[in-house]
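Some structures to go through are shown next.
The following pair of complexes shares a single chain, subunit A, combined with subunit B in the former and subunit C in the latter.
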Partner chain A sequence: MSTQSTRLASRIMVAPSVIVLFIWMIVPLAMTLYFSFRIYRLLSPDRTGWVGFANYTWFFKSPEFWLAISNTLALVLGVLIITVVLGTLIALLIDQPVKGQGVLRILVIAPFFVMPPVAAMIWDNLFMHPQNGLLGAVSRAFGAEPILYMEQYPMASIITIVAWEWLPFATLILLTAMQSLSSEQLEAAEMDGASALNRFRYIIFPHLTRAITVVILIETIFLLGIFGEIFTATQGGPGSASTTLPYMIFKQAIVAKDIGRAAAGGIIAVILANIVAFFLMRSIGKNLDA
Partner chain B sequence: MGQITLKQVRKSFGDVHVIPGVDLDINDGEFVVFVGPSGCGKSTLLRLIAGLEDTTSGKIHIDGKDATDLPPAKRGLAMVFQSYALYPHMTVRKNIAFPLKMAGMNPAEIDKKVEYAARVLNLANYLDRRPGQLSGGQRQRVAIGRAIVRSPSAFLFDEPLSNLDAALRVGMRQEITELHQNLKTTMIYVTHDQVEAMTMADKIVVLNAGNIEQVGSPLELYRRPRNLFVAGFIGSPKMNLIEGAEAAKLGAKTIGIRPEHIEVGSGPWSGTVALSEHLGSDTFLKVDAGELGIMTVRGSGEVNVHTGDRIQFAPQADKVHRFDANGLRLD
Partner chain C sequence: MARAVTPRRKALNTVAAWSVALIIFFPVLWMILTSFKTEPSAVAMPPQLFSADWTLENYSEVWARSDYPRFFWNSVVISVGSTLLGLAIAIPAAWSMAFVPGKRTKDLLMWMLSTKMMPAVAVLIPMYLIFQRTGLFDTKTGLVLALMLMNLPIIVWMLYTYFKEIPGEILEASRMDGASLWKEIVYVLTPMAVPGIASTMLLNVILAWNEAFWTITLTTTKAAPLSAFIASFSSPQGLFYGKLSAASTMAIAPILILGWFSQKQLVRGLTFGAVK
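Presenting the complex of A and B:
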């Protein structure tokens, strides 16, 4: 496949899909860029024109923006830590030969099939609700006042919900990685006198680094855009306490009906995502090399 | 120190009795080879000794102490695995140092021991490489290095050469034999390759379906196989086994004669050559000898017969093995 003519042919063959993909990507990006420099308010359609960086500076001046950035990062980091740590532990557990392993694994994976708004509803109404929720009942059983999770700890609640949804994903990837570890290596370590903890630290964990990297990269991509859970559970509140960058953009676009500002927010989100991606690849990307 | 005694050791996986009951004494400093066909339980037996499997019943004594319920690390044994089981993310140095590090030895002493092992095994130039960058033979040496730094009371080898190519296998075979001569430590070696068994062992243990068929020195097994299974298993090409009238003449149910103990030229037996393989030093003949069945005959390189020739041949009288109806040797 590397003579001159076949190389030319292959380029011509893939050209259409490359062109379509390029247009698919560049047109929305270009339009967002274009709108982000213009006045474009749905409530006053007669006002148009260029505004320079006004849409961007509005964000940087807004205290809600910095809160949203820190909330976004807290969400991503919190969920990553919870899913990777718990995912590793659960994977270690369900990797053990037990009766009903098949059923157990399906139970572990189940939350991943629950769609985000439903997951948020389940947690909001069945677990965290002060009157009807399970956690409220537990609090009362100990004679305490039920905690108003969504009001008092909105961001922690959102992180819990999202981590619950993504835990199966991490568990599944880490479980398959664990199963690809040759049992002879573990036996050799056992003969070498490594305790269970040392076997995990020196054999299993190094074997998992690549899988953990994959989990972190994939989850980060999705977690930066989490929206449905926030919309369903807290509406970004109370106040702006659980507003993330995507939710703030949504508020600008749909509530305030200011497309210009929302577009500027979108561009900021793209830049933020690239910064995160850059640092991620710098710090853990080398794990992906064989 | 490295004396191992098995007393009525049994192992079952559910209803499958892999080892129905084995008694075995391994003396200090011996090179013992477990040999047998695939699935005969030889690896399981080794893993029982290593402590990687629990015995169903019976006792394992190491150096006179009951080790039946000791965890693997406490038994003072080192094992070399078929896949080498090197730790891929660690350098050769770290691989070899791992058991010492786990034992909590101080770094200076670890370095000394690793350097020593590397020198003995010709690994000094590879200490900072990872297993992935080494050839099969080098990986094998690292695995052995990881075993010897612990100064175990016995080494366990689980088919260590089966992943190597033929030429390398011969070399490593000699290296392991030399290692045994230098260290004088007990070694238990599992293989299905009888050439390895014959060349390396002080004592061969022939296993079949979890039972010990015979224990003895290589030549003992070759010269006086205790039963039909050992007779057929040890020796290459296989011993010719003849039943019927010819065997009855000698008062046996079955007689066995090795291909190398048959004289071609004249004699009571005759047959048609179905296949002749001239190897230069030897000539292997497959002879269709009618009632006697297909016989394998090994002649010298000078034997000049070809497919289709009719030949006469005779067994060397004192090299005929006789077996009774139960397959046991008659003397």
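Presenting the complex of A and C:
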């Protein structure tokens, strides 16, 4: 029961949020779209004008672009698979009666609060560095040559770092979901002689599908924009071996100072993100209503 | 728990769970240990643990020699500032969406969430140019604005899910008693909403503190927070492990502590209320 005046008041209260978000979405996006059709290089400011789709075709013809796309996909899918699978296993483990569950949760959640540059610093220097890193020491202890993680397997190394950061998130959400499962159901199944595997398959897993969908949706939003880890650990290299789409656009904008091309890359990124979002929202919408 | 658990099984579970937890936590622990080692000891091969030279010097040196205090202060101002500004804009919106929902409230919320889907890098150029032209580049004000906009959808959503749980009857009762809209907000809603607002604030301070795209691209030195500082510090690879670790430990310590306090709200907040 809202009167005319509360309706008006509520409009006024919602307005600031909507207006700033709308401006934040529309103005930069319109500018990006505009620049993407123009020649605009900060290093040669005299040359200006419309170039049609030249900036876009440059992207599609560039081998780096396709590498960046496949790297982005590898990053998103790799991290999703690792975090969901390991997260489920760890959540199952922690959900058991164990001593000191509170402290345990605190230890497991910690990586999530580590800022991306620090996460990259720890792994890049303290662990994966061939001379001084801990993993190099482990290799040597087994009589093997230290592995050049960032040089030989840059993308796998980045995936490891990011998966380490996001594993706690997946674990925590799956654990929260598991704890809302009634223990009577599990007990009944156990008494009827259902094996642990069957209890997981027919009771726990169906209960988790919603949480898994949520994990996938939210992680994907953040993973598509991963930047700090790559910037700190590999700078997209060696060569372009660990360049993702966001990092390639960043290089075009800040390093090559080619505004037009970077803008075209930005528009491509928006289109790709929308395709992903469309499918995600659809599959998740189904799951959330059910 | 009614399920019978043999002590043996509980012990096994405990060992297994603790091993996994320690493996996950180990990189952080190793960084903290390294931060207390002298530089030669920090890079010694094989790695030293019990035989290491322990020192506090890395901390005092990082704090005294570099511009570390300034980066730290920038992080505080940017994360707290963007969160408070975001709350100021979001609280009225979430309030009215929760208590005076219209036909389009759900659509509006979904639209807000969809703005998070836009990759930040797509608007990097305009932001960069706008910031350069308006003098916001490399200023704390600029970053407060950018991070506020980035997190606004999350703030509105979180507040909305919390406000939704405040029973509407209380509002009706206060309206019957003749409370004005303003009094209703100040005396009735606010006290009930404080826990929700507090956890929203906590989560967004964490997100803003750890943000590492805008903070790196929109600053150089003056307004750079810790995330940008660490990202540039680690360029000389394989050097100064002790100091690098000390700087990093100080960069994550406040957030680690805040985060541990807010782990329950974190799940709710980051899943937009979908998982409780």
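Everything below uses one rule, namely that the second predicted complex is superposed on the first by the 266 of 290 C-alpha atoms of A that agree within 3 Å, B and C clash if a C-alpha of one lies under 4 Å from a C-alpha of the other, contacts with A are read in each partner's own complex, and residues count from 1 in each chain.
By definition in this document, contacts are C-beta pairs under 8 Å (C-beta built on N, C-alpha and C of every residue); 3 or more make two chains touch, one makes a residue touch a chain.
Quick caveat, the model's predicted, so the values are computed rather than measured.
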(message) So in the superposed three-chain picture, is A:80 touching just subunit B, just subunit C, both, or none of them (first/second/both/neither)?
(response) neither
(request) Check the residue A:67 against both partner chains and state whether it touches subunit B (first), subunit C (second), both, or neither. (result) neither
(request) For A:185, decide between first (touching subunit B), second (touching subunit C), both and neither. (result) first
(request) Considering only touches as defined above, state whether A:9 meets subunit B (first), subunit C (second), both or neither. (result) second
(request) Tell me which partner A:194 touches in the superposition: subunit B (first), subunit C (second), both or neither. (result) first
(request) Please name the chain, subunit B or subunit C, that touches the greater number of residues in subunit A. (result) C
(request) Figure out whether A:203 sits in contact with subunit B (first) or subunit C (second), or with both, or with neither. (result) first
(request) Could you tell me if A:162 is touching subunit B, subunit C, both of them or neither one (first, second, both, neither)? (result) neither
(message) Counting contacts the way the document defines them, which residues of subunit A are shared by the two interfaces, the one with subunit B and the one with subunit C?
(response) 187, 190
(request) Within their complex, state which residues of subunit A touch subunit B. (result) 182, 184-185, 187-195, 198, 202-203, 206-207
(message) Quick check on the complex: what are the subunit B residues that touch subunit A?
(response) 50-52, 71-73, 77-79, 81-83, 85-90, 98-99, 102-103, 146, 150
(message) Residue numbers of subunit C touching subunit A in their complex, please.
(response) 1-3, 5, 10, 13-14, 16-18, 20-22, 24-25, 27-28, 30-31, 34, 43, 45-47, 89-90, 92-93, 95-97, 99-100, 102, 108, 112, 114-130, 149, 152-153, 156, 172, 181, 206, 209-210, 212-213, 216-217, 226-228, 230-231, 233-234, 237-238, 241, 244-245, 248, 251-252, 255-256, 258-260, 263, 266-267, 270-271, 274-276
(request) Please name which positions on subunit A make contact with subunit C in the complex. (result) 1-2, 5-7, 9-14, 16-18, 20-21, 24-25, 27-29, 31-32, 35, 90, 93-94, 96-100, 104-127, 129, 131-132, 134, 136-137, 140-141, 164, 167-169, 172-173, 176-177, 180, 183, 186-187, 190, 210-211, 214, 218, 221, 224-225, 227-228, 231-232, 245-246, 249-250, 253-254, 259, 262-263, 265-267, 269-270, 273-274, 277, 288
